[in-house]
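Before I ask anything, here is the structure I am working with.
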Amino acid sequence: MPGTYIPSDYLPVLITFLLAAAIGMGALVVGILLRPRRPYAQKLTPYESGNPPVGEPRYRFSVKFYIVAMLFVVFDVEAVFLYPWAVAYDKLGIFGFVEMMLFIFILLIGYVYVWKKGAFEWE
Amino acid sequence: MVPLSWYIILSAVVFSIGVVGFFTRRNLIMIFMSIELMLNSVNISLVAYSHYLQSMRGQVLVFFVIAVAAAEAAIGLAIIIAYYRNNPTIKVDEINLLKG
Amino acid sequence: MDMSSGFSLLSIRPIVPELTMICTALILLLLDLIVKKKEVVAVVGIAGTLVALYGTLRLYGFSEPLTVFSDMFVLDGYSNFFRLIFYLNVILTICISLRYMVIEKASFGEYYALLIFATTGMMIMASASDLIVLYLGLELMALSTYILAGMMRKQPRSNEAALKYFFLGAFSSAFFLYGISLTYGLTGTTNLKDIAASLQTLNITGNPMVLLGLIFMIVAFGFKIALAPFHMWAPDVYEGAPTSVTAFMSVGPKAAGFAVLGRVLFSAFGAMQIQWDSILIPLAVITMATGSIIALAQTNIKRMLAYSSIAHAGYMLLGIIAGTPGGLASTANYLMIYAIMNIGAFAVVIMLRREGFQGENLDDYMGLAKSHPVASALMLVFMFALTGIPPTAGFIGKFYVFMEVIDAGYTYLAVIAVVFSVISAFFYLRVVMYMYMRDPREEVALATSPSMNFALAVTAVMILVIGVFPSVLLDLVKFSIPGLL
Amino acid sequence: MVKYILIPLLPFIAFVINILFGRNHIKDKAHWIAVPAVFASFILAVSAFMDVLGGKVININIYSWIVSGDFNVSIGFLIDQLTAVMLMVVTSISTLIFIYSIGYMHGDGGYYRFFAYLSLFVFSMLILVMANNFLLLYFGWEAVGLCSYFLIGFWFHKKSAADAGKKAFIVNRFGDFGFGLGVILIFLTFGSLEYVKVFENAGSVAGQTISILGYQFDTITVICLLLFCGAVGKSAQLPLHVWLPDAMEGPTPVSALIHAATMVTAGVFMVARSSPLFNLSASAMATVAVVGGVTAIFAATIALVQNDIKRVIAYSTVSQLGYMFLALGVGAYTAGIFHLYTHAYFKALLFLASGSVIHALHDEQNMQKMGGLKKYMPITYWVFILASLSISGIPGFAGFFSKDEILWRAYLSGGLGRFLWFLAAAAALLTAFYSFRLIYLTFHGKFRGTPEQERHLHESPPVITVPLMILAVGAVAAGWVGIPPIFLEHADRIGEFLAPVLGHPAGEGSHAEELAVMGISIIAGLAGILIAYIMYIRKTDLPGKLGAMFQPVYRLLYNKYWVDELYGKTIVQPTLKASDRIILGFFDAKIIEGIVNGVPALIGAFSRRFRTIQTGLLSSYGLAMVLGAMFIIGFWIFLR
């Protein structure tokens, strides 16, 4: 029966919150307290497979990487909707098919838009 | 079997870490990841409830949350990039042109 | 969740306006690739909205709510009325942006598509009878407005506005989702009506976890409608965003936020009215206080209007607090009036913006009456309306909300609201005083256009007509929202 | 029904046409719109008056503006005997003044604007008198105030005019604030704002009390006093009288119409209209009577020493309004309205005639620089004489009948009324004195202005003198509708006409007493004229001969200047200074500049303090949200 498995006493709620806050804050505080802080030059250099560091550690990626990554993420994740459809394809029938074609069509419009806007061109 | 309450507590803990991260982190990307943490904590609890209740609604919502989170990530990154082009910082405590 | 059975073309009738809007937005996106003149895109956008409006009007007035998609989406008078607000909002916003976005060098075709997308999101929100659909509508609206706020890519202020809006918006969405998950876990459903039924059958209206879920949702809605203390984003974002977007944002998301707040509270959590009332009352008071008081110290008019919109959210909330059909109707009525007067005020602000001149400072309004009597007179009407001085529509809006809240037995809230309205008169009338009682510092030219004149005329006339013949609007509201949801 | 709606609507249409098209199209033909409109509404008012005379009382709701539960705000008209009289006064005088303005305002840059505002004023005033509920009354009340404010500051480039407008606005805020509260309290008490319902239930509310700061007050008394606050402001009674003399900065037709004949009498009308409420509160009535009586004599003393021709008449207006309130306060509502009606004619006449003088002298208003105008401006002179005789209460003239009725009723009411009667009788003497001092200084003696002015002296054109002559007829004959029974049985037509609304005043006295009271007031009037004559004619015209013959009188005349200065030092200047300092210094600087611009210190400081919460930092905004949520959660889940 839904609703019965959570004790309706106030205490667990309180505990949940205190626990949550304690863990959130605690992790930070414990880290600061426990970790030894003895910095010296070598220790602060970034690890590059044992080789002496070459150039600045904070290498600036071209912003184009972000754009491509962003587009990838969006189109990639939209694909998750294809999985449940594929699984339930038998049951959904023609309605599901039309619906999914519409979905893909709308994605396609997005794709055309992005393409025409020149987001895929590296230059 | 792991009882439901464990998932719920895990979810609450992760959510709280996200909340605390939101206002303790200085880097915009880290703040953004805190938000993602919050969203995923919700996903944990939704899936757990869905399994417990034997109802698919929770999982449907999870799908949507994932998809929306992706769109959100894209837009968020785009906004951060647009910001970074005009302002040489992504440290959150230096972003206070608008105030009062 | 079997959707294949019983599906026919007829059953999608309730979502025809939404489909129209989505199609319009997609067409705009493609059109933008083809045509150079952005005015064409704007006109097509308005045309699409008008088609959707026609669809809504055709669907107006069914006595029984129409539901579709397994009760996830409902079309009733309530959602229809809010749709009218959204259409008005988007059409007027497009009218006032045409020339402005060119001046701001941000005239992109996507701008209009995003306005339509955001409006569609609002429409879905107003009609959602399931938390899942509600979430999707909310995100469609929110994601579009994040981008709109940052439309002026080259301006640091616009960047910052988008950034803040995005981060805080996403933060509030997470709260909303957490609230949904709690509610879902306890009631076993996300459908609003079923939630209400579960609360009764399981007898968990007093359960603190249910209340926790409700509070999280109120926090998220409170963010959208800028209730203190969840309002902090509003002044910064309103100031930084393009003014036309500010006008759009100060009305649309607020109206949509109220629409869902009303629906969720009345439809799903009606049994917990005592609890949410006692949550909303302090929020309303803090909101009115924050908005009215901080606005006094503002010198930027967009920022001042931002605080004013916060204060107005406080007044509107009173109708929800009343918890009666009349209260709900009075809030919807207030929102419609607020939409008209706020867009009107922002339209005047936009007119002052020219190449090389910001026109956002109160000082820029000094002596405006001498050089531009018509624009000043319009601004006077809008300021009077926002203050709530009869015979403008603003008075009608406030009056009905106050009456309903008094009828519901919260006389003290009405008194508090009146006190804050009086305080708010100071900053509204300060604009009027600057225009009429100060000498101009420098010659201010106005950037007018036919569409801008149209928007100004429509808003000013509507304010006066509703002020003098309030029954026109009130009858519509009462017809649309005959009872509780 | 259309007829009644048209009465206020016609001036409103004239306003709309003039304000929209005046600037570019109508320009100096604005009167062709305004005058016919107001004249037509006069004709309709006459017809409405006839209807009422025929025993018809009209009470119609035209349009329901706001309906919410049992709260109903409608636009509706009540035309009963009281309203009918007011309609006649307002429309007739408006028509004449509109015609007069054609000549007076000729060539002014804001000609169309002037007629537009004036039409708007007439509309508002008609709404005020025709309203059938307190809210519409309040609307008209505020609207006439607004018009008055516009018209006082009509020549806004003149700083004194702009300041005067501002002063009128601010001072009236006080009264109106009280009035507004009164209206709200009426609604809370009676659940309705319609006159009919309020007055019907007035009896059942009598004796109820409301608690203010822990003290119990009689509800009706509180309502009446709040309403009276509004009347005090609008009708320039003590202590809010300060705005009216300054209001003379406006064009003279405005002074005549708004600040003498109509708007300032709105307070009197409102109190008379609310007589069913006032009748239930003896203390409120006493307050009205005392304020009226004291104002009557107070303003009269100030008028004695003014040199600005319009200011003398302005103080005289304040004083005459005091008489009206005195009448209301002693329960003689009909006498008050009667005086309102006669006063409208002779006071409008005085103003317009003084306008004619000012016009002839090219905007000279100082009487010390006038004199001897009699031969240049015979018509103006004679109408001035008639009006002054009327205001001085010389038998046969309009002012005599109404003023005498007031004095008699005050006397009859006994006790406090007897004392107020004494004040009012003394004021009657002063009235006659300053009225004739004005005439003697202006029209008699030698011209004291520049030769340049003297060369241009001329009688005003017919468009100005004809309205003067028509008004003069009113100033003489208006009182004949209210001849007291002692002279002629059943000749107190106006008293009988108004009786259904305002009732009969209580109290009976013997004929001997009545004749004595009358005699005293006539003697007072004649004495005032005589003193003025002695002091001003003798001194200036026949200084050597008479000065030698009447050595003591001459000394007395000399002392007059000393008295002038004494008054100036002890009453006028301190009053003006104090009021300027208190009202203008405090409210002008702090309220207009302070509240609207500089923001009141407290809220402003709050505001600036709170502003800093908005740090502009994302994390603090997030923190605020979380803390807000935590607070709600903590409070509603853990503490409850």
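To keep things simple, chains are lettered A, B, C and D as they appear, and every chain counts its residues starting from 1.
We take it that a residue touches a chain if its C-beta (ideal position, glycine included) is under 8 Å from a C-beta of that chain, and two chains touch if they have at least 3 such contacts.
Just so we're clear, the structure is a prediction, and the values are computed from it rather than from any experiment.
Student: Indicate, using Cα centroids, the chain positioned nearest the centre of all protein chains shown.
Tutor: If one averages C-alpha positions chain by chain, the most central is C.
Student: Go through B-C and A-B and name the pair with more C-beta contacts between its chains.
Tutor: B-C
Student: Let me have the rounded angstrom distance from the C-alpha centre of chain A over to the C-alpha centre of chain D, please.
Tutor: 76
Student: Report the inter-chain centroid distance for chain B and chain C in whole angstrom, where each centroid is the mean of the CA atoms.
Tutor: 26
Student: In whole angstrom, how far does the Cα centroid of chain A sit from the Cα centroid of chain B?
Tutor: The answer is 9 Å.
Student: Nearest whole angstrom, what separates the Cα centre of chain A from the Cα centre of chain C?
Tutor: 31
Student: Going through chain C residue by residue, note those that touch at least 2 other chains and give them in order.
Tutor: 163-164, 167, 171, 185, 188, 208, 212, 235-236, 297-298
Student: Which chain A residues touch at least two other chains?
Tutor: 2, 6, 10, 13, 17
Student: Touching two or more other chains, which residues of chain D qualify?
Tutor: In chain D, residues 611, 614, 616, 618, 620, 622, 633, 637 touch at least two other chains, as defined above.
Student: Please output the residues of chain A touching chain B within their complex, sorted ascending.
Tutor: 2, 5-6, 16-17, 19-21, 23-25, 27-28, 63, 66-67, 69-71, 73-74, 76-78, 80-81, 84
Student: Across the complex, what residues on chain A touch chain C?
Tutor: Residues in contact with chain C: 1-4, 6, 8, 10, 13, 91-93, 95-96, 106, 109-110, 112-113, 116-117.
Student: Spell out the part of chain C that touches chain A in their complex, as residue ranges.
Tutor: That would be residues 2-4, 7, 26, 29-30, 33, 185-188, 198, 202, 204, 206-209, 212 of chain C.
Student: If you look only at chain D, which of its residues touch chain B in the complex?
Tutor: 611-612, 614-620, 622-623, 626
Student: Touching chain A in the complex: which residues of chain B?
Tutor: Touching chain A from chain B are residues 4-5, 8-9, 12-13, 15-17, 19-21, 24, 52-53, 63, 66-67, 69-71, 73-74, 77-78, 81, 85.
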